[in-house]
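Read from first to last, the chains carry the letters A, B, C and D; within each, the first residue is number 1.
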Amino acid sequence: MSPFLVTLMTPLIGGFVLAAVEDARIAARINVASGVITFGASLALAVSVAQVGSLNAVGGWFFLDAFNVFLVALTAFVGMTTAIFSGPYMRHEIAHGRMDARRMRLYHSMFQLFQFGMLLGFTANNIGVLWVSLELATLATVLLVSLYRTPASIAAAWKYFVLCGMGIALALFGTVMIFFTSSSVLGHGNEALTWTLLMDESSKLDPVVMMIAFCFLMVGYGTKVGLAPMHAWLPDAHGEGPTPVSAVLSGLLLNLALYALVRLKMLVDGATGTDTAGHIMMSFGLLSLFVAAFSLHKQRDIKRLFSFSSIEHMGLMTFAFGIGTHLASFAALLHMTVHSLVKSGIFFTVGHAAQAMGTQKMTGIRGLIRHHPGIGWGLLVGTVAIAGFPPFGVFTSEFLLLTATLDAHAWTCILLLLGLLVAMTGLLRFVQPMAFGEPASDAVAVRVNMLPVYVHLLLALMLGLFIPGFLAGWYDQAAALIVSAPLEGL
Amino acid sequence: MSSLPLQIAQALLLVLLAPVAAGFVASVKARLQNRHGPGLLQPWRNLAKLFAKQVVLAENASWIFRFAPYVVFTATVMAASCVPALLVDTPLSLTADVIALVSLLALARFFLALAGMDIGTAFGGMGASREMTFSALAEPALLMSVFVLSLGAHSTNLTTMIQHTLNTPIMLQPSLAFALAAMLMIALAENGRIPVDNPTTHLELTMVHEAMILEYSGRHLALMEWASMIKLTLFATLIIDLFMPWGMVAGPDAAGLLLALVAWVLKIFGLLLALSLAETYLAKLRLFEVPEFLSMAFVIAFLGLLSHYMLEVNA
Amino acid sequence: MNTALIQQIIDGLAALMLLVSFSLLAQHRMLSVLHWFAVQGWLLAITSAFVAYGTGHHELYVSAAMTLLLKGLLLPWLLWRVIKRLHVHREVEPLVNLTLTMLIALGITLFSFHIIQPIEKISQLLTRDSMAIATACVLLGMLMMITRRKAITQVVGFLAVENALFFAAIGSTNGMPLVVEIGIAFDVLIAALIFGLFFFQIRTTFDSLEVDAMHASLVEREEEE
Amino acid sequence: MILALGACIAALLAAVGGGFLRGSLQRTALCLLLGVSGLLAIVAGMAGLLENPATLTLPLGLPWLPMHVRIDALASFFLLVIGALLTPVAVYSQGYLRHERRLAAMGVFLPLFVLGMFGVVLADDAFSFMLFWELMSVSSYFLVTFEHEQPENRKAGFIYLLMAHLAGLLILGSFAVLYAAGGSFEFVSMRNAELTPFWASVAFLLAALGFGTKAGVAPMHGWLPDAHPVAPSNVSALMSGIMLKVAIFGFVRLAWDLIGTANFQWWWGVLVLAAGSSSAVFGVLFALQQHDLKRLLAYHSIENVGIILIGLGLSMLLAHFGHPLLAALGLIAGLYHTINHALFKGLLFMGAGAVLHASGTRDMESMGGLIHRMPATSLFFLVASISISALPPFNGFVSEWLTFQTALMAPQLGAALLTAIVPFSAAMLALAGALAAACFVKVFGVVFLGHARSEAVAGAREVDGWMKLGMAIPALCCLLLGLLPVLFVPLMDAIPRALLDVSLAGHVHAHGWLWLSPVDVSRASYSAPVALAGMLAIGGLAFWWLHPKGTTVRRGPIWSCGTPNLNARMQYNATSFSQPLRRIFGGVLQPDEHVHMEYPAHKLLTKKVRHVLHVADPAVRHLHRPIGDFVLNLARIVQQEHQRGIHAYLAWTFATVLLLLAVFA
């Protein structure tokens, strides 16, 4: 059985198995095991892809190139660490009566199904299937967000569901429109939705239709990326769901949506031959950056805080992909990686912090370093990393992004810098008092599992200091795929 | 080069003459106030008496208090010995140009003020505070006038400046006039003379210099007093060197030296006469009018600078 | 029948589709909303059947059948049960009064015609004209979601959008590939189920289906100190 | 080169050691390794100043941009500066940290901080420069918030990191401009970049703002007086002593080396000169009003950075008007003051740390009379005070004297306006110097002289040998650098040779090793050795003459104008000392000063007098607050949009679709 099928099928099977497992402990183990298998397989997959460049699987329904294979590996990795983290975390939740066995079953199986949706989306070669899988992942996470059954969580899930449902519907409409024009080129079969073929024929597609389609796709997938002004669902969904879910939402789901957007942008560019689509993405990116940066200053809930930071970073990536030069795409891909790592790491820490202090209110969280150095430093260092300070990878990618911007649109640099500064202030003003100072009296000791956090931060650190050759190679190829221009200058 | 002994002799002369000069000022003022002043040598007698007396120290005086008089004295004398009085070109004048000279005096002032703070009386602190404040305000004005003077000679090296003045034909230079005015005002402030400070007062609230040395006695007091007298003479000599160096000799020949000596003494006493007149006819300023006095000095010096560029450069 | 006739029939159906979307917006009573929604489902089924017949894409018959079952019968029935079980108030409570909604709806329709009109010429399909209608229907569905207060009306709006999409797929592109169709249908089904699930949760937690009630809970959850 | 890297590695090891060891072993390892690293840096610096530049490429960094490392004259000099202070501080810390619990944080971040500074100095491409620069900022942030229980420390740290980040971004912008011109991040290609005057000015302004912010130049200094005092004293010593200098280094590197003297505009120099003079005066004026010892020293850092900038600004002007030799003089003056300030400010902070250590307070109003209890500390502190007051024969004077001499070259500039501006800024420099002297009379007088003003201070004890040694070394250096500039300036000569390709060495000791002469001995000359020797001779004579045989002194009570029982609170204190200046410069300081009097019965029978004084920093009042409020208001507006219901959000999406369609389709 090929590594690809293992990668894809393990979560699916895992999902159905876990739906049947009663005992939460065993379920957690299976969860981890499935994560590990998936990751291993995805690594094998990555290696094989690295050898042959790109490969089609299952009769052209799936295909892998440098762009998505590393995203697959990343997804599998974060999924694995999240599974590892969620074990003790969820046990604590059960112990404190926020969860029961039945919902744990739902949780585990949905978690795996979500993974399946993600991997399916990344590997699908058919933009229709891509849409379906994104919808699948969304539906799975909707159930996860409402897991606690608290009024707030249900309301959040509802908001998430309705807004994303609407968004996704628009995306579908965009897809239909693409089909509308492509069917006249590639006939009425699946070919008309197969990305690789579309890419080859993209110049033949009707520019006007493609532009309209892109408008719908932009708003539709943009909603799921969490771009302002369609981002309203994101803070609630992150804030109310269980922490592992927040971690994968921020770390993975947004990536998938952005991935879809970029894939389709490539088609649109091919059709229109202008970079209007790029400019649209850039403006959405900047808008989100600013909205998020300023919103950061007014948060009360720690998880909402970091979800706004996710919006900010998604804005950055969208902006970078919008620029569309090789360097920019490279930066965006790098940023995608480090953001997933660091942000999910932060969410792990935040979850533990909230458990330790018994609240998600930032006013209630104090003196983490004194109370539990692991959590405190984890949070502080994580924040420093996400705020774009070296030697962490976020700094590297933002550095590259800035230079790319300077090459392409020098003056937007100023906006970018302003946004980054405001955002960094907003994060720090809240994190500092939480990490520092004397802990609150009613803080409880928690069994924490900081290993995933440290692993993530270390990886981000490594990416900040030097990018291993194969990874750089991937980014390079991927960037080359996104823009068929060679890496010049540097 | 036999000028090193000459140099030392000249320095000695200045140091020994200083008390007499102070005595001269005192007696002239006495005359102007229709009193029989003490003789010219009265300061010398005072010093001799103080040197003989035993020192009484406050209980909590630290080594700073005992160390300060020597620093003040030596720094002042060192400065004095760098100033050409008779000879234009003296080896030691290379040691310190005008700026370094001024900062030697600043070193003396620094320790004087520290000594004032050492005992921990209100007086000492008050004196130190005021002294440092005023000197700080005097500094820019002083530097500015030095700047003006250096414009002609392109140098702050006293010897060069003197030579420049000697070699250029006597002509009225407004910039120099401004600089002189500023210099005189600063000299008054630096030496704690009326209208800035009254060296003879012991009225608590008006003392500046006296307040700092209030606790001194015996040889320490003597050194302090002597240092301030030397400083007075030093400034007089400095002004002479910068503005009216005529009569100074380049090489050591007996006749020339004698002439130079006479010229120098006359000029010194001339200046001091002017000083005593000023001190008699001027009233002491209120404390917070002093800053205005000094800033006026600065403005004058700056005008000197401007007038140099406006009137003299292209001329 | 000749293609011209089918062409006219399909255009007629498209017109009906638009009409239904408007009447969905215009309803006062919950049940009639459901009725019109069911009608929309039937329309879709019929359209796809005709298209299948007209174009000879026989897999479209399958999707016609699916549509009939899912959107013509199952979903309306589900929603109907929900209303019965939860004793939802019979009135539709609009945020914006109906006349204004209608005006906006007209404007939107014009707008979508303006947008789509230039691109319809590029397609040789006998059903190309319906693209504009489909766009209009999508936007009208969204309008419905925005202007109705009840959660359940939002759902109907959502499903109406889905229908419009489907109509676009059938009408203007002679149907998406079957795999995609099935996938989409599958998702819609799940979505509907989840909606149903939600209604009970919302009902039990908020004892009303007012969206604002939920929002209030979120805000106060955030404000609470 | 190897040595320099050795220094970095030692620092890295120190970080590891500091992180993982525990107890006294941790402290020892930390201090030992830091000391070693400092020594290596000194040697490397010396070697680098004498040898030709060496470059190296490390297998780190971006795939297509490995880290480039280069040790040239400028880098070597700053290595020397860093090492010269790092070594004594390491020795000092061995004693200072003895009573410090929870060293872990400091153990990691102190060495990383040092490593960051080394890295900045050695970097030869923009990426590694920025990497190490930010590393320096972040780790120093963690050091500032080391004692994070006090909220004010956290606030200080926050402002500090914010400003540091701002500075970093500005510098990044400047690099970006150079990158756009040169096409690569390597300094080599930036040096050869063709710059239009406009872009050169943009790059320069960005760099000046960025490095100025980091160096604490007024008015971007707001973070400095808060951040430096709250850090542990050994850290404050490094921050004030070296970190600000690293900012100076960055400025010189960018302006002189990368942008290049050929691109200088005349107004750049004026700008730097103005910034320098204003910060010099501003810094010392506010320093005079402080009564928190370390805060006072922090303000003096602002002053001294200003002095350095005056030298550099003069150099820029002279370079622009084609007097490379004089420009070299200004550059040397500025850099000479850089190392001087590193030494004496480090020493001062260490002294302050010793006092804090012994008396447990930073408030000068409760100190006094420490000279009797801490003789050694007070001696070293006195040395530092004389040096910073720019008095001969110590080092502070030499550099300020050189700066004056450069200023005296103003007539060579030609342009009439400048010939008036330069003397004015020189006068400001004089004012600043004299005020500094006043300030340190106040500091030394209030802290070490007089009577103890509190119990804690009365019970203070002298610090241990490590700390004494740590303070002795820089004190000695202050004296040596003051006495033998003639030997040191030629060592620095490599820098102007590299940046302005002129050599000053010949002119400096044209008249023999005794006499320091800026350009030509007939212009001006200064000989500290002769002056010192002369003073010793005269003093010795006087002493010998006045102490013929066993002259005794009698101790007696203070003369108190007859009032009985004087007490310690009747002394002049810090606040009263600076009262005249507070009144004279009231316009600048805008002090908020009230005297509350309580009269029980009659105007003449005063019961209680309370004096309230608060001098707020204008940067905070007129810069930080307004900007902060602006951001918060915007944030409020954005937040309100997030308080709406789901319909509103749907409407947003809807509107977006319509907008996009309307615009793009």
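We adopt the following convention: a residue touches a chain if its C-beta (ideal position, glycine included) is under 8 Å from a C-beta of that chain, and two chains touch if they have at least 3 such contacts.
Please read all numbers here as calculations on a predicted model, not as lab measurements.
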Both-way neighbours, i.e. chains that touch subunit C and touch subunit A: D
Chain pair with more C-beta contacts, B-D versus A-D: B-D
Most centrally placed chain - per-chain CA mean versus overall CA mean: D
Whole-Å gap between the CA centroids of subunit A and subunit B: 78
Whole-Å gap between the CA centroids of subunit A and subunit D: 44
Distance between chain centroids, defined by C-alpha means - subunit B, subunit D (Å): 35
Where subunit C and subunit D are represented by their mean Cα positions, the distance between them in whole Å: 70
Numbers and ranges of subunit A residues touching at least 2 other chains: 158-159, 162, 166, 170, 208, 212
Overlap residues in subunit C, where contacts from two or more other chains coincide: 115, 142, 145, 211, 214-215
Per-residue overlap in subunit D, given as positions that touch at least 2 other chains: 646, 650, 653, 657, 661, 665
Interchain contacts, given as pairs of chains that touch: A-C, A-D, B-D, C-D
Footprint of subunit A on subunit C - complex, ascending: 57, 115-116, 118-119, 122-124, 131, 135, 138, 142, 145, 151, 154, 158, 161-162, 164-165, 168-169, 172-177, 179-180, 183-184, 186-187, 190-191, 194-195, 198, 201-202, 205-206, 211, 214-215, 217-218, 221-223, 225
Residue ranges of subunit A in contact with subunit D within the complex: 158-159, 162-163, 166-167, 170, 208, 211-212, 214-216, 218-219, 223, 229-230, 232-233, 235, 276, 280, 291, 294-298, 369, 384, 387, 389-391, 395-396, 399-400, 402-403, 406-407, 410, 413, 417, 420-422, 424-426, 428-429, 432-433, 436-438, 464-467, 469, 472, 476, 487, 489-490
Footprint of subunit C on subunit D - complex, ascending: 643, 645-647, 650-651, 653-654, 657-658, 661-662, 665
Parts of subunit B lying in touch with subunit D, wherever the complex brings them together: 51, 54-64, 66, 70-71, 73-75, 77-78, 81, 92, 94-97, 99-100, 103-104, 106-107, 109-110, 113-114, 116-122, 124-126, 128-130, 132-133, 135-144, 147, 150-151, 154-157, 160, 204, 214-215, 218-219, 223, 287-288, 291, 298, 302, 305-306, 309
Residue ranges of subunit C in contact with subunit D within the complex: 95, 108, 111, 115, 139, 142-143, 145-147, 149, 211-212, 214-215, 219
